[in-house]
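So that we are looking at the same thing, I have put the structure below in structure tokens.
As written, the chain order gives the labels A, B and C, with residue 1 at the start of each chain.
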Amino acid sequence: MRYFRLSEIFSFLNGEGISYETNAQEDCWLYGFQSIYEVRPGTVSWIKSSKPDWSQIAAGVIVCSKDVSSGIPESVVAIRVDNPRYVFVRLLGEFAARNESAGVAETAVIGNNCSLGSRISIGHYAVLGDNVRIGNNTIIKAHVTIYDNTIIGENCIIHSGSVIGADGFGYERNENGQLLKFPHIGGVVIGNDVEIGANTCIDRGTLGNTIIKDGVKIDNLCHIAHNVIVGENTTIIALSMIAGSTIIESDSYIAPGSMIKQGLVIGRNACVGMGAVVLRNVAADDTVTGVPARTLSKRTGTKES
Amino acid sequence: MRYFRLSEIFSFLNGEGISYETNAQEDCWLYGFQSIYEVRPGTVSWIKSSKPDWSQIAAGVIVCSKDVSSGIPESVVAIRVDNPRYVFVRLLGEFAARNESAGVAETAVIGNNCSLGSRISIGHYAVLGDNVRIGNNTIIKAHVTIYDNTIIGENCIIHSGSVIGADGFGYERNENGQLLKFPHIGGVVIGNDVEIGANTCIDRGTLGNTIIKDGVKIDNLCHIAHNVIVGENTTIIALSMIAGSTIIESDSYIAPGSMIKQGLVIGRNACVGMGAVVLRNVAADDTVTGVPARTLSKRTGTKES
Amino acid sequence: MRYFRLSEIFSFLNGEGISYETNAQEDCWLYGFQSIYEVRPGTVSWIKSSKPDWSQIAAGVIVCSKDVSSGIPESVVAIRVDNPRYVFVRLLGEFAARNESAGVAETAVIGNNCSLGSRISIGHYAVLGDNVRIGNNTIIKAHVTIYDNTIIGENCIIHSGSVIGADGFGYERNENGQLLKFPHIGGVVIGNDVEIGANTCIDRGTLGNTIIKDGVKIDNLCHIAHNVIVGENTTIIALSMIAGSTIIESDSYIAPGSMIKQGLVIGRNACVGMGAVVLRNVAADDTVTGVPARTLSKRTGTKES
């Protein structure tokens, strides 16, 4: 944790064009960020309510809504903005984010014909196969395995233990009922600004590619099967399963433990509820839940993660 | 991708005793395999329909059904067979499968008293405990962990991040409600021709063994608990959970996200539907679905994966 | 497996203050433990039934209930106790547990400012970030990844492939619908006597910590999200998902494949059934099942795992 000054926060907000109002009278040193329950002098927090119980908040810098208009104690520095959570996240990113140790760990294994962008970080014991391309500023954590012929864009983060490009699950029974492996010769293509959680698996395509588009965020322990396409800015939460060749369009929200059958289309801005088992296509903007999943409602806006 | 000739395909089919008919007039060079949507001159594809829309398919080698009898363009080489998907898989296996880099990676850790078959491949950072036996032609990918006293047969593939032989989950509460670990001293025995996906876990037996029989295929992120027995040629798809001591008989199909309680018997050729929560035994040939799972129908044939 | 004598068992039971009765007439050598179906001369087993079918059990040392009063063959050494399973587990722990190779593997990566207790074991290719503290007697298996600022107590076991302290899943949409990462600067704090299965993920807190208290047992492939608190002696079984900031109180039982929404409280000694999707708080001692989960009954005792 590094030290920074309150005036640096105001300089950052001014520089980013983020409008704010404050009751601050003087500059001070700050050393960290806390939840509202633990805020104390020298730390920064945020609050959702437009009518906070100020008797519980005696000190610190609080990012809050412009609707908060009265009762702010003198001991609290309030920074009033339009979207306090968003502004708090921006401050965290600027003042609190840990420095990733850039560079390629000497224990990482890099295959033949790989292309690595600038300012990337590859962690200990990561294993990259042949013909892997990694874009600028991408972070590959320790113990990630990337099979041959995988393309990963810029500004991505892939957490430990994830496996990108393993063979998809496809077999053909022969006349004796034995299962003959369907060789997978496709690859995986991951766009820019994608984050992939720990121990998640994204299988290679059978013949074509499995495709994860820009801005997609996938949580821990998810399974993305062969030839799936995930559209821009879609979020897929922990322990979800997207079966082969399914298309999930952009801006959708796939809640934890969702199971989505092969070959379906999940429309733009759809929401699949927690533990839903989806056996049919989902229309754009629909929310589906249950086993099997049925339409609950139209979704009226994008969901915060 | 290597180059091969159309005549090599015919030689292979003849050698394997696979009957076919073709409109091919002359030999040509080929360089790859594609889905039907991307087929182009020099590539091989397959089609399921017996009445394809030939206006969409202008070139390439197409493996199709013997029922396809008319309309084949002159620019297309059709190879008509009884089971086009099966034949296509065989061609992929013969002409497109990647060469696995045989041998044991120098970064792999091999415990004491291990026995390794011939022509095996063990990937980077794989860790084998003591008393592990691996059969001929088996491929262990990078980052696989195999605990002590595990036996793996011939022609198996185990994908990255899988953990074979960790302690099962068993505790006994003492008089104070604390959980006392049940030591697991059994092992894991895996047959021949088994494939295990990425980040899957197969726990060791408590006293006896956990047993995976010949020809079983397990997808990514599955959990196979202590003392489970999985019968020949059964398939278990992603994110499924088989609890302790359950027996799954041969040729069954366990769909993604299935949860099967401990101590049950799932009969031969049964089908457990996606996301099913199975609390009771399942009879042979039954299909069960839902939470809790109920019998949907008798299963009339083996399911393609 | 080491050899030991029947008289050593009696000495152990006497030393631990465990009351027993036996028909043993003389000492003998023993070499192992078996399930009741495989017990043979020289081995030890246990039986639950108070009226076992002795015709099926011809030899060996059998730990059984004090209620077993007649019919014991002369060829069987019976050790009659109040809780045979518990006593058998204690014997396994004393006479059969494998020796963990203590020490830190030379291939393990240890970050800066780490504090390692005495008699710990860290397996091959484990990766510890900076500022990690590990208590005495704790075992970290091969391929575990521990991110910065994680605290792990004494007598813990963490199985291969688990990832402790990866970033939680939190994003904020900006005005263009793009997802901005919520930086996670909290840590993970794990108490004493905790066991964590293979390929399980426990994310770091957003600002505060994710907390796993003493005696908790977590199975394979579970997801514990940011800022979750798990109370003492709770068990969480395979492929379960606990979403962000949820509190699970002590002595609860979370069955396999459970999905628990963010921000809930699961009361003390609650039971969440297999595959349940929990969308509301669960009262102490309640059992809930289904999708969505509903109260089934009051739980009348702690459940054996």
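For the reader, a short list of remarks on this structure follows.
Throughout what follows, contacts are C-beta pairs under 8 Å (C-beta built on N, C-alpha and C of every residue); 3 or more make two chains touch, one makes a residue touch a chain.
Since we're looking at a predicted model, the values are computed, not measured.
Although chain A and chain B carry the same sequence, what matters here is overlap: shared residue numbers make up under half of all numbers found at their interface.
If you lay the C-alpha trace of chain B over that of chain C, the rotation comes to 120 degrees, to the nearest 5. If you average the CA atoms of chain A and of chain B, the two centres end up 30 Å from each other. Chain A has residues 125, 143, 161, 199, 221, 239, 257, 275, 291 in contact with two or more other chains. The residues of chain A lying in touch with chain C in their complex are 1, 32-35, 38, 45, 85-86, 89-90, 92-93, 96-98, 107, 123-125, 141-143, 157, 159-161, 193, 195, 197-199, 215, 217, 219-221, 233, 235, 237-239, 251, 256-257, 274-275, 290-291, 302, 304-305.
Taken together, the chain A residues at the contact with chain B in this complex read 109, 125, 127, 143, 145, 147-148, 161, 163, 166-167, 169-174, 177-183, 185, 199, 201, 203, 206-208, 221, 223, 225, 239, 241, 243, 257, 259, 261, 275, 277, 279, 291.
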